[in-house]
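Presented sequentially are two complexes of chain A, the first with chain B as partner and the second with chain C.
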Partner chain A sequence: SGEAFNVGRFLEETSPYAWAGTGIGLCIGLSVLGAGWGILVTGSSILGGGVRSPRITTKNLISIIFCEVVAIYGVIIGIVYSAKLQHVPENLLYTPHNYYTGYAIFWGGITVGICNLLCGIAVGITGSTAAIADAADPNLFVKILIVEVFGSIMGLFGLIVGLLMVGAAGDFTAAASVSPHVL
Partner chain B sequence: MSVCPPYAPFFGFAGVASAMTLSTVGAAFGTAKAGIGIAGLGAFKPELIMKSLIPVVMAGIIAVYGLVVSVLISGGIKPGDYSLFSGFVHLGAGLACGMTGLAAGYAIGLVGDSCVRAYVREQKVFVGMVLILIFAEVLGLYGLIVALIMNTSAIGGDKCPSQ
Partner chain C sequence: MEALFFNANTGFLEGIVRGYKAGILTQSQYANLAQCETLEDFRTQLSATDYGNFLANEPLPISTSTIADKATELLVEQFKYLRTNAVEPLRKFLDYITYGYMIDNVVLLITGTLHERDTHELVKRCHPLGVFDSMPVLCVATNVDELYQSVLIETPIAPYFRECLTASDLDDLNIEIIRNTLYKAYLEDFYNFCTTLGSPTSDVMHRILSFEADRRTINITINSFGTELSKETRAKLFPTIGRLFPEGNNQLARADDIEQVRQVCENVSEYRSFFSEGPSVSNPNGDEFGALAAQLEDRFFSTEVDLNKQAFLQQFQYGVFYSYMKLKEQEIRNLTWIAECIAQDAKDRIQDYIPIF
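What follows is the complex of A and B.
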């Protein structure tokens, strides 16, 4: 009774293009989500504090730029990964190297996307507190900015790991001869 | 059932991803939570900000642990010559580093936030704060050590039969 789910068969039968496409989509989607979330948290604090202290509005745009940068990281990785998506006919697709590329892009995209998402939220929260501290006392801004810099290195680490993961992964290439499904 | 099936890198890369993303969860939480406390402290005693940046630095170190393990594991995943044994060991190493980094970062965030708020009122708590933060940081270090040990055991794994 019941169904047997064969994990290995599922991983072998799924097209490497499905893995690669999902990875690239998640990479850019989650990075932009993190950037947007950070900008909304920081921006609302800057504008709220700017009602009483209009001088903070220009200097605190740097926090918005820190959040924007994680979206740029997602775009860079998305473009680098998309360059590997070459067309290969279905009967020549299922080679070990193509499987490797598909999995590398999938997990690379998830890594970059989630790291950028978390970095964006952390930088957003810290930027919000920096704006409020700046409104209270202008000398505090540069010191709280140090915390933001520590927050933004996480996005950079995600970018590094994302690039390293696909370092050994070549483009999708056709097999030399027609290969049956490895079952 | 082969020793080196073509889907073995799926698990290896899952290990790389979990090491990086889970430690980043901990590091991001630690940075944000401690940063809120530090900004609040700055409104009252600005001269204490530099010393109270310690929780933020320690949360950043958790992210570095995740980076180190991810880089090491992804260096060992080769296309075409990768056994399922290595895949699962790399997955375990990544989860070990990631989960402990998540726990350590969470602890550093909460401890950092409360301790810097206490540091505003009573400067003698500084030494106690650093001691507690060190104990929280060391949790991430344990995960790093176990991940490194597992990674070295994956290096001496099964050899793939030549295709």
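What follows is the complex of A and C.
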């Protein structure tokens, strides 16, 4: 005979450390993916356009910096979240308080990670167009930079929401006594 | 979605080709060139542009054909740089651009052989972007079948010859039919290839290739008035891409004079203005048909330039590579025209080039 997947049991038995660790990993991983993607899209256009118009190379590094900032947001959140990871013995771990912290870090990490991924890509594509437009006509650069600034604000939104989500979650703390429910 | 992955392989080359495009001569530079008195002045003016000192080593007096040849050499260098740095599918796209030149070279060699010109002279006159190995062997063949079996089957344009194998002997009319059949097969093949590349390359290229097809259809129709070309043969030469396909093509196949051609073109709003009465070209022998044909050619060229300029408005697509080649060729035609006018002291017609930017 087969097996039924017991959702309640899964949620109760999964360690909050697993949730928290996955959250932090996704946060920094997706942020770096977004930043790297953005830099690759922008960088190749800057190099191509810079062959004939070398003057664009220095100015357009701003686009690369905007992409990089997205990765920094991911690192900040990673550091803030990992400060909440304290050692607690197994039999004292499963408290509602710790469950909450685990879930908060998991979903906070996904939020920040996906926000940064999309922000990095957006800034990267806009940066590529900015480089090419700047090579053709220098007056266009500042105008397109405004578009990039608005794009990079999205990463900041992710950072703020991520911080708010774990605002009420404390560090992992041990239970007062061993619960009768723990095996 | 194309913006996510395009730059990984093609971002650098797109930047390079847009840099090349920034070097295309503008109206003010053409104005300076048109004011030159001699070809030496012309050369000095050109050295201030992206052309640089390309004529520096030429002995005086410079001839206009040297100017055209050297300018084409520059373009070929640029194209080769792009092609060596390209990966699939851009490499295949750039190869498709060369097939057009290959067809021209093949027809040039066959025609030259028919008129018994020297093989080496002919090979030197071939367009450098359309060369393939075994080109001189083309000069010894006498009919298309032999041509195909011995030489052409190894070239990339071999599939285009399937339609032509029925032409049994080579004479001047048949050569033109062969050229047009090959070009029709090439255009349709290129069109289908661009469809596989997906949007936005396909959007940009379809527009450009459709116009090319319609232009050839109209030209074939007009050029066949008064010749022995039967209407069925004429209809088989029309490409099946293009905005005049299928009703326009059918009507043009049955057309007998320019009035009917004009009526067919009324159906497509962009083509209506081709036949309207414009500022008449000063034609000394009063040949109205010739004047109209010249005016039509000019209008075709300026529409082509417009479509190619529009290709640069979109990023992350391959159309910019094709459009750059076409715009640069137009620029070389313009330079040759201006140089000829200077050399022959015909300053009244010097403004008849097609401005690009």
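Just so it is clear, the second predicted complex is superposed on the first by the 178 of 183 C-alpha atoms of A that agree within 3 Å, B and C clash if a C-alpha of one lies under 4 Å from a C-alpha of the other, contacts with A are read in each partner's own complex, and residues count from 1 in each chain.
As a convention for this text, contacts are C-beta pairs under 8 Å (C-beta built on N, C-alpha and C of every residue); 3 or more make two chains touch, one makes a residue touch a chain.
Note that the structure is a prediction, hence the values are computed from the model and not measured.
Novice: Touch check for A:161: first (chain B), second (chain C), both, or neither?
Specialist: Once the two structures are laid over each other on A, A:161 reaches chain B alone.
Novice: Looking at the overlay, what does A:37 touch: chain B (first), chain C (second), both, or neither?
Specialist: second
Novice: Given the touch rule stated above, what does A:87 touch, chain B (first), chain C (second), both, or neither?
Specialist: neither
Novice: Counting only touches as set out at the top, which of chain B and chain C does A:51 meet: first, second, both, neither?
Specialist: Only chain C; A:51 stays clear of chain B.
Novice: On the superposed three-chain arrangement, identify whether chain B or chain C touches more chain A residues.
Specialist: B
Novice: Could you say whether A:125 touches chain B, chain C, both of them, or neither, answering first, second, both or neither?
Specialist: Both partners.
Novice: Please work out whether A:136 is in contact with chain B alone, chain C alone, both, or neither, and reply first, second, both or neither.
Specialist: In the superposition, A:136 contacts both chain B and chain C.
Novice: Can you give me the overlap between the chain B contact set and the chain C contact set on chain A?
Specialist: In chain A, residues 121, 125, 129, 132, 136 are touched by chain B and also by chain C.
Novice: Which residues, counting only chain C, touch chain A once they are in their complex?
Specialist: Against chain A, the touching part of chain C is residues 3-4, 7-8, 11-16, 18-20, 22-23, 315.
Novice: Under the touch definition given earlier, write down the residues of chain A that touch chain C in their complex.
Specialist: 37, 40-41, 43-53, 121, 125, 128-129, 131-132, 135-136
Novice: Mind listing the chain A positions that touch chain B in their complex?
Specialist: Of all residues in chain A, those touching chain B are 8, 11-12, 94-97, 99-101, 103-104, 106-108, 110-111, 114-115, 118-119, 121-122, 125-126, 129-130, 132-133, 136-137, 139-140, 143-144, 146-148, 150-151, 153-154, 157-158, 160-161, 164-165, 167-170, 182.
Novice: Show me the residue ranges of chain B that touch chain A in the complex, using the header's touch definition.
Specialist: Contact set of chain B toward chain A: 1, 5-7, 9-10, 13-14, 16-17, 20-21, 24-25, 27-29, 31-32, 34-36, 38-40, 42-43, 46, 49-50, 53, 56-57, 59-60, 63-64, 66-67, 70-71, 74-75, 77-80, 82, 163.
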